[in-house]
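As structure tokens, here come the structures.
Same chain, two partners: chain A is paired with chain B first, then with chain C.
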Partner chain A sequence: MRGTWANWLGAGYAAVIYGFIFLPVAVLVLFSFQDGRFPIPPFNGPSLKWYQAVLADSSLTDALVNSLLVALISSAAACLLGFLSAYGLARYKLPAAGFQRALIIAPFTVSYLIIGLGLLIMFNTFGVSRSLFTVGVGHVVINTPLCFAIIYSQFGDHQVNIERAARDLGASDLQIMTLVTAPMLLPAITAGFFLSFTFSWDEFIIAFLLSRFDVTLPVEIWSLLRSGLNPKTNAVGSIVFLFSVFILVVLELTVFRKHKAQ
Partner chain B sequence: MTAEVTIDRITHRFGGFVALNDVNLTIGAGEFAVLLGPSGCGKTTLLSMIGGFLNPSEGRILIGGNDVTHLPPSARPTTTMFQDYALFPHMSLLDNVGFGLRMRGMSRPQRNARAEGLLELVGLPDAGSRKPHELSGGQRQRVALARALAVEPDVLLLDEPLGALDLKLRRQMQDELKAIQRRVGTTFIHVTHDQEEAMAIADVIIVMNGGEVQHAGVPEEIYLRPNNHFTAAFMGEANFIRGDVLQVSSKSVDIQTALGVHRFAVSVLNGAAIGTGQTVEICFRPEHVRLGANAGKSCDFGQVVVTDVAFFGTHHRCLLQLEATGDQKITAHLPQTLDLKDQSKLRLLVKPSDAIVLPLNGSSK
Partner chain C sequence: MTTPASMNKRERRKAFAFVLPAILWTVAFFVVPFGFMAAMSLWKRIGSKIIQTWSLDNYAGFFAKSHFVEGLANSIEITLIVTALSIVLAYPLAWIIAMQIPERWQRAALLLAILPFWTSYVVRSYAWMLVLARNGLVNQGLLYIGIIDDPLELGSTRTATVIGFVHFFVMLLTLTIYANLRQLSPNYARAAADLGAGPIRTFIHIILPLTIPGIMVGAFLTFALCIGDYITPQILGGNNELVLPQIIMLQIGRRADLPAASALAIILMLVVSLVYVLCARWLKLERA
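Let's look at the complex of A and B:
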């Protein structure tokens, strides 16, 4: 009897936790199908008309494309920089290696607001006008530490002999890196890329501070919100959420699943 | 595709530790040489130096007469087969074996053809499209061998390649390694701490200890005529009886031991310079021990008591206690048909020509 009670209690606790995390999202998604002008109860519908409105709104679709571009390019750059720094720190004896590693990780612990402000001031000083490029730079700054940490953790001594073997067979440093090391670390690199992608995809503060005419989707949603609540914001929010879920599922199926198999 | 390797006065220090001390060695072209010794003896350090992964503190390495001491691994006519095989996990076997050829700019069809040939040579035909993680340890080993041989090195370096295999597979791979070496003719330098493996595959064995070469020679010589205590003790079991030289003539040497005076032909000295009064050791292998009542022409070391017997299939391994000295144990391999009913008249007998006499604490290089 007692065991059953404990099970019920555990299940209840889990339900409350998951509810706490996902109820807001569930409400958001639910009222994106609202057949009316306000995303508040009672729920009438379902209707897809707000999704239609989103797709008809060129400023939203433009922002969506902008977000995709920024996320793709900044994640690729963050992965490349993260991989190179991890390679350097893992394979060479560098002066003050521990300190250098801490320096690379440091942006992790600084709030996005501070990073955004710092970049804003710097770009102003050097006369760089705000654009999608500056947003991308900001996202590279926040995602490089993440990529570095993921990739660096997968460097091990067991790969050293494999790289030695490649060198022994005549490969140059660059060939070793591109033909041997990077492919061996592909799972970690892919994980870094997709996580960076999701972080860049829904990042707001830096994108808000560093963009001007062309904006990313979170910034566009924010300006939409200023004109009041509207099921259209729910619809676009749901699209963003769905996309993140999609990426996570892809990540789980490709990278983590494969990792477990090996 | 083979070359002589010369180690010329190589010394190497790791901080204050002397890993190799003035090593001189020549390994002939096409030989299967085995560097043998306990862990920490410097054998792997020496192999890394021949391969170019480590620069010696002093001395030179010559391959085929060319000084390669300061060349990187890729510029040397050597390839290394690593202990953990170090296969490229993301590549097919064909790509693994063809990697060195790819680095040399060979086209894909050509290198695939070569790789297939090599996989066949090592006994893995039609496995080219598989990945390393699908293979067993012994199969990975073969792929590593094929990969190292693909670039036709003059010298192949093998770093304890059989260490991770079980006994039966190890014996089988020893035979195959040797057969492949005969076929390709490449100089093989193989590192191991297993003296049976060394004797099974080597043309020459180089016994190392404490960063120095103790004895280099063919397996029979290393085993039957070791020239120092370490080599004698490391190459299987050996018994040592201490004594002093009474007199040396051009033909024979008389040695005074606690077990009587024994005369040997000077050939047992193995060329070592020994003078009257010098302390020496008489050394003999367990299989050279005979128990009996009549000495005949054998050296008689007095009465013994058998304290322990174990059956090893091919022989009985016995521990004997000498009555005269008491505390010293002698190991003997006695026949399968051993009968120990009457122990009262057993005497420890060794043919003088089976024994060797070693200077004490001296490596008579």
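Let's look at the complex of A and C:
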């Protein structure tokens, strides 16, 4: 029958593409357990010694902590800026609202290399030295549009009545925003935060251009690449991958599931 | 949207106070830096000093230096190859997930298809290096089976860059094309079938044209992200055949020539904007 023939063809095609998609990750993780100096076949192992090597390498663990800090703080700031501006633009009729929206979204449309280069030139001109702080500033620039767009899209008329009820019951503007509006938009705010977090956590070019002595993890991994193929790079790459997947699974099981149930 | 149009001054000021932080941030750390970069592209580096001369020499210099123009040509070629290949590979997968996999497994299938997205960007290119290296998995596998006698030079080539890019964008495009296919009402296909069209004719004359706008959006996203990327060509392509972002990074790093780097960055941005305008215009014509 034609249907089954097409199904087999589809299954075969899907298997090949899934194989292609997973090939590098599988090789990366497998050879992080290599018991030898090179992450290439034949596989000897398993061994955890490269994970020990990663944990013993203070430049890598420092970079990991730096990355976490930059990601946490810059995502929180991007979320705050995104939420406030989305609130202002969704709840009030402002002059030139379209222009304001376009301005906030604009950094999203420009390549990171250009944003990083612009900031580098400006910081150089003003004599601001490169540090984790300047990296964080750059990450807020790239993530604010994302948070704004996600949160803004979730503002709707159905929340207005609840806010009005709160106002009638004597709540102040600040109380309405923090105790009524923000909790109602929590799924969107959380999604914005975690997406920003993974973007910042993984961002290379801005961090590379704007950091100097203290660097983030992608920049440290980059300098590790100069030593060529090395199971230690596999180990740290696998750790980063598992961490991101963990965040994704938590997000999927909590925020998005609840959101769907609503 | 729900407030009366006759908002008084105090209200308006309050509303603007919410938007202001984001606006100020964007102006201070995006618009102003861009202005600095644009000004810098008109200045000149002489020795280790930057002279504020206001001329278009850096832009003229771009077309005068053949390796700059070649870099742009390489960028455009690689990006077009990657965009076309990624669409051709991703479309059938998105189709299979949307049409052949039972509804309740679709989300899982989709999440699985984009899981390697979450490996670090730098690490993902490194992982392809492992696969494609001279003594890597592919070469050892082919040698073992006996298809080749000497290892292929796959690493540090344009092929490696294209493979690394296609890997990333197949995931991205599967996601966007899937979303596109799901939005189509199944009634279109049903109507075509009722009128006697076979599945292939239905696809070519009904489904494909209806998903073209979505494909174009995905294609533009691929183009913009691919042409601006430094990591993948730097790790996988090596230094034989540079693309524009690699040349920009060389100006920033080794040559400390920020004026030239700025001019090149603005040329890169103009190329992306041009493609955006073409895509937008084409989409508008398509709709009309």
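The criterion applied here is as follows: the second predicted complex is superposed on the first by the 262 of 262 C-alpha atoms of A that agree within 3 Å, B and C clash if a C-alpha of one lies under 4 Å from a C-alpha of the other, contacts with A are read in each partner's own complex, and residues count from 1 in each chain.
Here, contacts are C-beta pairs under 8 Å (C-beta built on N, C-alpha and C of every residue); 3 or more make two chains touch, one makes a residue touch a chain.
Predicted, not measured: the structure shown is a model, and the values here were computed from it.
For A:158, is the partner it touches chain B (first), chain C (second), both, or none of the two (neither)?
first
Looking at the overlay, does A:250 come into contact with chain B only (first), chain C only (second), both, or neither?
neither
Is the number of chain A residues in contact higher for chain B or for chain C?
Tallying touched residues of chain A, the top partner is C.
Once chain A of both complexes is superposed, is A:166 in touch with chain B (first), chain C (second), both, or neither?
first
Based on the superposed arrangement, let me know which partner A:111 touches: chain B (first), chain C (second), both, or neither?
After superposing on A, A:111 lies in contact with chain C but is clear of chain B.
Given the touch rule stated above, what does A:180 touch, chain B (first), chain C (second), both, or neither?
In the superposition, A:180 touches chain B alone.
Scan A:65 for contacts with chain B and chain C and give back first, second, both or neither.
neither
Would you mind writing out the residues of chain A in touch with chain B in their complex?
158, 161-162, 164-171, 175, 180, 183-184, 186, 262
Spell out the residues on chain B that touch chain A in their complex, using ranges where they run on.
Interface residues on chain B, with respect to chain A: 51-53, 72-74, 78-80, 82-84, 86-91, 99-100, 103-104, 133, 147, 151.
Along chain A, where are the residues that touch chain C in the complex?
On the chain A side, the touching residues are 2, 6-7, 10-11, 13-14, 17-18, 20-25, 27-28, 31, 38-41, 80-82, 84-85, 87-95, 100, 103-104, 106-107, 109-115, 117-122, 124-125, 137-138, 140-141, 144, 148, 157, 160, 173, 198, 202, 204-205, 209, 217-218, 221-222, 225, 229, 233-234, 236-237, 240-241, 244-245, 248, 252.
Note which residues of chain C are touching chain A in the complex, please.
1-3, 5, 7, 11-12, 14-19, 21-23, 25-27, 29-34, 36-37, 40, 89, 92-93, 96-97, 100, 111-113, 115-116, 118-124, 126-131, 133, 135-137, 140-141, 167, 170-171, 199, 224-225, 228, 230-231, 235, 245, 248-249, 252, 258, 261-262, 265, 268-269, 272
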